[in-house]
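Okay, got some structures for you below.
Paired with subunit B in one complex and with subunit C in the other, subunit A is shared by the two complexes that follow.
Right, the complex of A and B next:
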C-alpha cells in the first residue's frame, strides 16, 4: 500500500494551549485508520488539520505527496462527515447529496441525478431523494452525510465521531455497514472516536492519543495485547495492574557472549550471578551493538527469545519474553498488567493451568454472556477482575465463594 | 383566585388605553369623552385627504425602511461575529454594541443633535433621523439575529466549504437561507421601532416631520383629536400585524435550524 497522508512534526497551539504535540503520522491508501482518545486529547483537532479547517503552528501535512499548507478545505481531496452530520435542513435529501457536485464541472448536469440515486442506494436510502432533510432520523442523516461525501469520490473520508449520536443497536449496525462500505469503495477512512470498542472493531490501524500526543499506533490486536504504556492499557479494555519486580533477565541464545545460559532456569540463578547476566544482556540489547552480533546469534535469538523473570505481588514468579515488556527493560520494580479475560476461575473438573492460586469472590457483575468477578487473593494488594464466559453448565459464583484462579505467563504485560 | 384577579387587572391596565383608541376613532363627536354618541368613519376619511399627513407618512416609511435594512445588515455582522469567532474582548465589545438598548433616548437625541448641528454642521433631514434610528435599532437586530446565528450549527458552513464551495458561496447557499427568517424578523421589528419613534425624530427632524412628530403637532388643535385617534388606530393595527409576522418568522427560523425555542420578543 502506498502512503497517502504524511504528517511530519505537526504542532498546533491555541494561544498558549498546546493542542497537538509533534505528531508524526503516515496513513496508507485504502486504510481504515482510527484516531482514538479521551475527549480533549486533540483527535478532532488533528482531523480538522487534515481537512484544512485548522492550520498548523508547525510541521507539514502532505496528501498524495502534495503539501497542503496553503490549500483550503474546498480544494483538498478530503471530505468530512461531521459529528452533527451538518445536513442542510432547508434542502431535500437529493439536494444535499448533490451539493458537492455543484462545483464539479467535470460531471455533466444530466448525469448528476443518476449519481445521486446511486450514492443513496449505496447507503440503503434509495428512493429517499425527494424527502425533506430535516424530517430524517439520526441514522438516516448519517447515511445522507456519508452519501454526500462519497459521491465526490474523495481520496480520504474523514469521520468525526459519526456514530456517537446513535443508540447502541444502531451504532453496532452502522459499524458493520461502515466497514462494508469502506471495503466496497476502497477509499481511505479516518475515523475519530472516543469509543475503544468501536476503534478495535472497525480499524486496520489505530493511533491512541493523549494530551495532544500519539501514545501508540498499531493494529487493533497488537494494541490490545501489547499496550506500550499503562495509560494505553487503561484506555483500551480493562486491565488489572499489580506491582512486580523483575528479578532476572536472561537470553536463551546468548552464545556469543559465552555465558552458559541455555538450560538454566532463570529463577534459580543466584542474585550476584543475575547481576552479571544483566550487564551482559544490557550490552546485547543496547542500541548499536546489533551490528556486532554475528548472524548465528541473531538467528538463535529469534528462535528462542530473551526471557525475564518477574516476581508478581501475591502471585509469585513468572517467565515472560521481552516482547511483553517495554524496550530496554531492566531489573527493578514494574507494573504487571493482566487482562480480565486472560485470568480464569477453574470450575469443578477443569484441569489446573500453569499457575494456580486460591481466592475468594469479592464482587460479581453479571452481564448475561459474561460474568465479571472481583477475586481477592492472599497477598495480592487489590482484588483481581476476572471475566468468565457463562458457558453451559458453568455456575455463577456468589460473593464469598472460594475459588481457584489460574493465570498464564504469556498474558502478562510489563510497564 | 387572587392571582387571577391580579392578572386581569394588570391586563386591563396595560391595554385599556389602547382599546380606547379605536373606540374614539369611530365615535361621532369631536370631544373625547364618554358617553359615545354614534358610529362614524368620518375621521378616517379625513385622513385620506390630508396632504401634509401623507408627506409625514411618506417620510416615516422611507426612514423606517432604510433603518430596517441598515440596522439588520449591521446586526448580521455583529451576530455572526458573536456566534462564530472567538476574539479578545468579545464580551466587552458585544456589551458596548448593545448599550443603546438601555440608553435614555432623550440623551441620545440631544447628544446627536449637538454633534450633527454644532460639531459636524449638517442640515437636519431624513438622513440624520435614519442614522439615529439605526443606532437605536441595531441592538434589537443583534438580539434577534444572535438567536438565529447562535442556533446555527457551525459545521453547516464548514460542510459546504468541505463540499467545494468558497467561503462566500457557503454563506450564501447555506447560512443565509437558514438565518433568513431571523433577518426578516429583524427587519420588521426595526421597521416598527423606527416608524413610531418620537423623541429622536422630534429633535432631529428638519422641515419635513415624521408621522409621530406630525401627530404631536396635531394635538394642539382639539378639533383634530379624533383624526389623531383614527391615525393611532391604524398605527396600532399595523404594529401588531408587523410584530406578529416578525415573531412567526423567528419561530419558523428556529424550527428550521432544528433548535429549541428559547424565547423571543413575543
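Right, the complex of A and C next:
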C-alpha cells in the first residue's frame, strides 16, 4: 500500500490554546483509519486540517505527495461526511447527491442522472431521489451524505462522527455497512470517533489521541492487547491496574530451563480431559489456541529474547515476555494491567489453574450475555473487575459469594 | 364532576381567554376597515354624506387618469425603495451574521436601531438639509469643484422620496435577513466547499436560496408600509413627487370628500394585497423545502 496522506510536525493553535501538538501521521491508500479520542482531544480539528477547513500553525499536510498548504477545501481530493450530515434542506435527495457534480467537467452532463441513481443504490436509497431532503430519517440522511461524497470518487473520505446521532441498533448496522462500502469502493476512509468499540470494529489502524497528541497508533488488536500507556489502556476497553514489582530479568533460555512458572502445578490438568472452562479461558487469551497452554508459553518464551519476573500485589509472581512491557525494561515498581475478560472465576468443581487465588464477590453487573463481577482479593488494593460469559449452566454469583479467580501470565501488560 | 360540566368550564375559559383579544381586534382592526369599506360606497353631498349605496367613487377612479397615474407612481416608488433597501440591507445583514464575532452581534444590531432614536420627521428634515439646494451634498461638491451649479434632481422629486424612505426602512430589511442568515447551519457552507464549490458559488447555491424567506419577509415589510406613506412625499417630493397617499389625504382633509378618499384607499389596499400575495406565494415555494 502506498502512502496517501502524510502529516509532518503538524501543530495548531487557537490563540494560546494548543489544539494539535506535533502530529506525525501517515495514512496508506485504501486504509480504513480511525482517529479515536475523548471529546476535545483534537481529532475533529485534525480531520478538518486534512479537509482544508483549518489551516496549520506549523507543519505540512501532504496528500498524494502534494503539499496542501495553499489548497482550499474545494480543490482537495477529499470529501467529508459531516457530523450533522449537512444535507441541503432546499434541495431534493437527488439534487443533494448531484451537488458536487456541477464543477466536474470530466463527468458528462448526460451521465449524471445515472451516476446519482447508482450512488443512491449503493447506499440502499434507490428510488429516493425525488424526495425532499428534510423528509428523511437520521440514517437516511447519513446515507445521502455518504452518496453525495462518494459520487465524486475522492481519494479520501473523511467521516466526522458519522454514527453518533444514530441509535444503537442503527449504529451497529451502519458500522457493518460502512466497512462493506469501504471495501467495495476501495477509497481511503478516515473516521473520527469517540466510541472505542466503533473504532475497533471498523478500522485497519487506529490513532488514539489525547490533548492534541497521538497517544498510540496501531491496528485494533495490538492497540487492545498491548496498549503502550495507561491512558490508552483506560480509554480502550476496561482494564484493572495493580501495583507490581519487577524482581528479575532473564534471558529466554534461563526461564524455560529454570523453575516452573509460579503457581503452576504440573500434572493437575489431565491433558486429554475436556474441560470446557479451561478452553473458555484459553480462548479468551488467545482465540484459536486449544487447551494446551504449557507448550504455547514455552514456545513464546523461547522466541522472545528476555523474560521478566513480576511480583504482583495480592496475586503473586508472574513470568512475562518483555514485549508485554514498555521498552527498556528494568527492575522496580510497575503498574500491571489485566483486562476483565482475561480473568476468570472458577466455578464449583472446576480444575485448578496455573494461577488462582480466592476472592469475594463485591459487585455484580448483569449484561445478559456477560456478567461483570468486582471481586475483592486479599492484598489487592481495589476489587478486580472480571467479565464472565453467561454460558449454559453457569450460575450468576451473588454479592458476598466466595470464589476462585484464575489468571494467566500472558494476559498481563506492564506500564 | 361530569364530562358536560368540565366541557362547559373549558368553553367558558376559552371565551374568557379569547374575549379580550377578540374585542380588541374588532375595535381596532375590523371596525375601522369596515368603516372605510362602507364610506367608499357612499357619496359626498356638499357638507353631508349621502348614505345611499353607489359605485360612483370607483367609477370616478376608473375614469380619471390622475388616480391611475398616482397609484402607478406609488407602486413604482415603493418597488424601487424596496429593491434599493433590500439590496443594501443584505450585505449589512450578511456581514453581521458571518463576520461579526458572536459576542458583538447584539451591539451591532443595537447600533443599527440608532436612527430610530429620533423622530421620523426630524430624519426627513435632516435629509432636506443634506439634499437641499444649498445643502451638504451640493455645497460640498461645489467646494471641491466637481459641479458649478447645485444639483436639483436630488430634492423635491421622486428621487428624494426614494432616498429618504430607503434610509428609514433599512433596519426593517436588515433584521429579517439577519435572522434567517443566523439560522443557516454553517456546516452546509462547508459541505458546499467540500463538494467543490468556491466561496462565491457557495453563496449563490446555498446561502442565498436558504436566506430567501428572510428576503421575501424584508420585501413585504418594506413594500407594504411605503405604499401608504404620505409624510415623505409631502415633505420631500415637491410638486412632481406626490403619491396616492397624498391624494387620499387631500380627499379626506382638503376636498372634504371622504367617500372618494375611502374608495381610493380601498383600491390602493387591493393593489398592495395582490402584490403581497404574490410574495407570500413565492415565500411558500422557498419554504417548502425547509422545515
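Just so we're on the same page, the second predicted complex is superposed on the first by the 364 of 415 C-alpha atoms of A that agree within 3 Å, B and C clash if a C-alpha of one lies under 4 Å from a C-alpha of the other, contacts with A are read in each partner's own complex, and residues count from 1 in each chain.
Note that in this section a contact is a pair of C-beta atoms (placed from the backbone, for glycine too) under 8 Å apart; a residue touches a chain by one contact, two chains touch by 3 or more.
Everything numeric here is computed off the predicted structure, so don't read it as measured data.
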Ask   = Should the pairing of subunit B and subunit C on subunit A count as a clash or a fit in the superposition?
value = clash
Key: Which of subunit B and subunit C A:99 touches, first, second, both or neither   = both
Request  = Look at A:410 in the shared chain and tell me whether it touches subunit B only, subunit C only, both, or neither; answer first, second, both or neither.
outcome  = neither
Message = Just to be sure I read the superposition right, which of the two partners does A:132 touch: subunit B = first, subunit C = second, or both, or neither?
response = second
Request  = Look at A:79 in the shared chain and tell me whether it touches subunit B only, subunit C only, both, or neither; answer first, second, both or neither.
outcome  = both
Request  = Using the touch definition from the top, say if A:183 reaches subunit B (first), subunit C (second), both or neither.
outcome  = neither
Subunit B and subunit C footprints on subunit A, overlapping residues = 51, 53, 72-74, 78-80, 82-84, 86, 88-90, 99-100, 102-104, 134, 148-149, 152
Key: Residues of subunit B defined as touching subunit A within the complex   = 153, 155-156, 158-166, 173-174, 177-178, 256-258
Message = So in the complex, the part of subunit A that touches subunit B is made up of which residues?
response = 51, 53, 72-74, 78-80, 82-84, 86, 88-90, 99-100, 102-104, 134, 148-149, 152
Key: In the complex, subunit C residues that touch subunit A   = 185, 187-188, 190-198, 201, 205-206, 209-210, 286, 288-291
Task = Spell out the residues on subunit A that touch subunit C in their complex, using ranges where they run on.
result = 51, 53, 72-75, 78-80, 82-84, 86, 88-91, 99-100, 102-104, 132-134, 148-149, 152
